[in-house]
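Here come two complexes built around chain A, the first alongside chain B, the second alongside chain C.
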Partner chain A sequence: MSEIIFGSNIMQLLISLILVSTFMILGSTRLYSCVRAFGIQSLLLACVAGIVAYSTGKSDIYIVSALTLVIKALVIPYIFIYIIREIKVKREIGLYVGISPSLIIGGILVVISYYLIRSINLITELSSFALSASMSLVSIGLFIMISRKKAIMQMLGILIMENGLFLGAISLTYGMPLLVELGIFFDVLIGALIMGILIFRINRTFESIDTDMLKTLIG
Partner chain B sequence: MNPVAIVIFQIIVIIALSPLLSGIMKKVKAFFQIRKGPSIFQPYYDIAKLLRKDSVVSENASWIFHAAPVISFVAVLTAGLLIPIYISDMPLGFAGDLIAVVYLLALARFFTALASLDTGSSFGGMGGSREMFVASMVEPAMMLSIFAIALNVGSTNLSYISQTVSSMGLTAISPYHLLAFVALFIIAIAETGRIPVDNPATHLELTMIHEAMILEYSGKQLALVEFGAMMKQLLVFALLANIFFPWGIASSGVTAAGIAVALAVFVIKIGILGAALAMVETSTAKWRMFRLPDLLSVSLMLSFLALVSFIIVKGG
Partner chain C sequence: MIEYLLLAPVITCILCFFAKSRKQVEMVSLTGSIATLLLGLVLVAEVYKNNIIISWTNALFADTFSAFIVLIVSIVGFVASLYSVGYMGHEMEHGAMDFRRLRIYYGLFHIFMFTMLLVGVTNNLGLWIAIEMTTLVSALLMILYSKKSSVEAAWKYMIICTVGITFALFGTILTYFAAVRILGESGDALNWTSLVSVADQFDPTIMKLAFIFILIGYGTKAGLAPMHTWLPDAHSEAPTPVSALLSGVLLNCAMYGIIRFYTIATKSTGTAFTSNLLIIFGLLSLGIAVPFILLQEDYKRLLAYSSVEHMGIIAIGIGFGGVFGIFGAILHMFNHAMTKSLMFFGAGNVLLKHDTKEIFNVSGLVKSMPYTGAMFVIGGLAITGSPPFSIFISEFTILAAGFSQGHIIAAVLFLIFIIMIFAGFFNNVSRMAFGMPKPGIEKGEVSRWTLSAMAVLIVFVIVLGVYIPPSFYEMIMKVVEIVR
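The block that comes next holds the complex of A and B.
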């Protein structure tokens, strides 16, 4: 059955658009456009969950889909924009790795995750496209965390990884039990809030959210 | 219809429509900038005016300077015979596939750049080196994005691709299809010298690419160069329209009325694409030269993703 859902054209389209939105984050140098791309990614993820809910007929996945829409596509981007506005940070994201090399590394990561997923012999039961997309989201999120200087981008990277895990979970199991999902959403929301507060603290102590500054000692 | 008649008609269509497309794009741009703008037939008048004038040529120019406009013009027109415009069953389709098209366009670009160096003017050299810088990134991305479609269809022959996609109908829309389309759209911006990459409406020395290369030309030669650029623009759009959205194109054994309908559909498609490009042009600012690799590597990455997702979906 999973092949029917995940093999369908519209699902493939959504998943590849999720990949494109990830590359939008990799390819932009402005904080706002990164946040916007993250919002789009979460919106697409909510659509994926909605389609899974529709084709399996389970009502609790609808709730998961709606929660994704509200929390990840609206509340968390709003938290980001609030942070950026409040600490009056410069709009550019500092880069350790340039835009073009990052994009190429992103492409390599997609290929690597595809081959990793292919080597799992369970391919008949689950869609390799959705799984390799989720795997590449996780690895690209990790890459964003280590290649960007601003603390906000580290926060964004971990949320992209979480989105990838969500995609993997929903393509493997059609969503976990509602209680577990609610727990995860609560975790993500509180995590985003705490990271936001942490960024405020970093900003107050170092007068910058550049993570390079964290190496220097403050007396 | 007679194959010879089809080929001749195709040449006439390309020559007749390319200034019109340029005029439409200028008009749409003027509309978004709340200007009245020149008439959509202005490019025809410009070409006609230039053709009546004599050329002024530098004493230091060699034969390349005289040959380049003609070679570029003919190379682009030859590429036009391999791209499906209004009929998917091209009589000359056997002569070359998409690789031939890409390299015929590259040949035209090569000679324009060579001619820009020929007179030894500093602007010409600057324009030529910038053009080659952009071209070195445009070409692989263009090949990759069309390859993504060719892989899906199973042939690199443009008429065959156009026929197959057109017979597949709406089921042809797939992730790789859309990704490759967006990639080729970005390439079309670079290839036709539009705003994030190059500004066709300026002669400001810091920004111009194509204009800097043809600065030394005047009169009839300038007319040929300008016409070649317009035709190239039309052909890139035709490639976009008839590879990705070929629905409505005529197939073999069609009557004259069918061809008229296909031609009307083609003009509408080209008009929509031109308006979209003009909108992109008005809503973005010209990028710094050294940020261009970022834009083009986005395009390269999109076509790469298209290929990978094709392999994952079909081969997994």
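The block that comes next holds the complex of A and C.
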């Protein structure tokens, strides 16, 4: 059944667009455009969930879709913008790995994810397309965390990973049971708030949010 | 019943914010933690009678294993709140803390208790939610002091553990996927009880993948090497009562997650796969702890690396398997919680008195702080596994299991690492405890509150070394039955 949903053209288009939005984050040097791309990514995810809800007719998934829209596409980007504005951070994101190598690495990660998922071959009835996109999001999120200097980008990386898992869950099992799904949303939201608090604290203590400073505790 | 247990710390937290003075907030916190302890004990008694309690439409659940975790959380939580009165009181008298932050501290402390209790009693893979919550709350507790080092530690902790736990979520999703194929799509497909009963029909390929992700994910939170890098920073930079909770209880909570999944995954993949993974990660943790303990200069980090070691020992115990191995591992969870909290409390007293974390700047504790010094030495002997203290019993059981289950090489390595750690750790402790006190350090204890907290713990350390009460023994045997 899920083969029908995920094989459908519109679904493939949406998932491709999610990948595109991830590359928009990889390819941009300015914080605002990264946040905007993240917002678009979450919006697309909400659409994916919406289509799954429509074609399975499950009301639970409508709730999940709506929550994705509100929390991930509106509230969390707003938190980001609030942080950026309040701490008057320089708008460049600070790179350890330049833009073009980043994009190439991103591409390689997508290819690896695709072959990894196909080689495991455990999901016969599901489109491996969605799952490999989900793996790509997780690995690119991880890559963003280690290749960008600003603490705020590490926070964004975690949220991209989380989005990837959300896509994975919805393509494998139409998401988790509602109670669990609600709990995860709660944790993601509180997590974003607390990371925000930490970023403010880092900024106040170190007068910068470059993670270069955070390298004193060793041994 | 379970709801009341969860409600107690939440109510305490709210009341903390209504307190008007230091005395009031301390009273509220103490009363709250005594209530939590009593309710925890009632829950243990109920589970002892009925074996399984389910409430709140299946979302909350307690079997003997949950009750065991609840027991550890509520005992250490109670003792830590006793200790907090002395420790934070001292910090306040010396201007390191103001009333506003003291109130926040106690409020967060009880919310932290709530999240850890929740880990024990959620009846499904939603365990993930509770474990992530513990990270969020404890990161806030860590930045109570706005020192550079604690902000750095909190950020590392938050980032590494959140990424780790994201992997665990993937493992959870895979497990759910495996379960849905057998049980169909319902909320029940995530419940421990229904998972365990059908776990042998799960697809082994999926479960292998799931277990690897779970082990890496919750292993990060449990401080298994090589994902342990946040642990020494976080545990040494947190306020001392919180360090004790992090080391003694929170690591156990993450371990609990691993063990629950171990039970499910083993039924599907067979023992060899899961056990070998646990043994490898366990030995790695032990091995990595050795050089850091031998060459450590900071006594709180020393204790933190010792936690990495002990989580490794628990993983190895589960990996060795058999009744003995699992019995040893479960008993070790309890013993380590008590002994490590005792050590952190001792270290906290030393820190308040000497205002330094350097091992070389502390000596003659037995003379300058006789009670703390004596208990610190006993704790040091106990934590390294010397007889006749409690940890000796559990480590010995695990070692015996290793030999009897045929893991000879692993058991020999285990023994070698333990001996090296004993030498390194005790060398450091004796350097602090004996000799002449540093000039300028007056004789005298910091506070009676902190001493009474240590006294409670040392009873467990000594008594469980020579005598395991029959009811406690029976409880652990029931847990072993659940895990196997």
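Quick note on the criterion: the second predicted complex is superposed on the first by the 214 of 219 C-alpha atoms of A that agree within 3 Å, B and C clash if a C-alpha of one lies under 4 Å from a C-alpha of the other, contacts with A are read in each partner's own complex, and residues count from 1 in each chain.
To be clear about the criterion, a residue touches a chain if its C-beta (ideal position, glycine included) is under 8 Å from a C-beta of that chain, and two chains touch if they have at least 3 such contacts.
All values reported here derive from a predicted model rather than from experimental measurement.
By the touch criterion defined above, A:206 reaches chain C but does not reach chain B. By the document's definition of touching, of the two partners only chain C reaches A:177; chain B does not.
In the superposition on chain A, A:104 makes contact with chain B only, not with chain C.
Look at A:187: by the touch rule set out above, it reaches chain C but stays clear of chain B.
Contact comparison for chain A: of chain B and chain C, C touches the greater number of residues. Of the two partner chains placed by the overlay, neither chain B nor chain C lies in contact with A:78.
When the two complexes are overlaid on their common chain A, residue A:96 makes contact with neither chain B nor chain C.
Listing the residues of chain B that touch chain A in their complex gives 171, 173-176, 178-179, 182, 293-294, 297-298, 300-302, 304-305, 308-309, 311-313, 316. Interface residues of chain A, counted against chain B in their complex, comprise 9, 12-13, 15-17, 19-20, 23, 27, 99-100, 103-104, 106-107, 110-111, 114, 118, 123, 128-129, 132. Taken in their complex, chain C has these residues touching chain A: 59, 124-126, 128-129, 132-133, 136, 139-140, 143, 146-149, 151-156, 158-159, 162-163, 166, 169-170, 172-174, 176-177, 180, 185-187, 189-190, 203, 205-206, 209, 232-233, 237, 292, 295-297, 301. Interface residues of chain A facing chain C in the complex, by the touch rule stated above, are 120, 122, 138, 142, 145, 151, 154, 158, 161-162, 165, 168-169, 172-174, 176-180, 183-184, 186-187, 190-191, 194-195, 197-198, 201-202, 204-206, 211, 213-217, 219.
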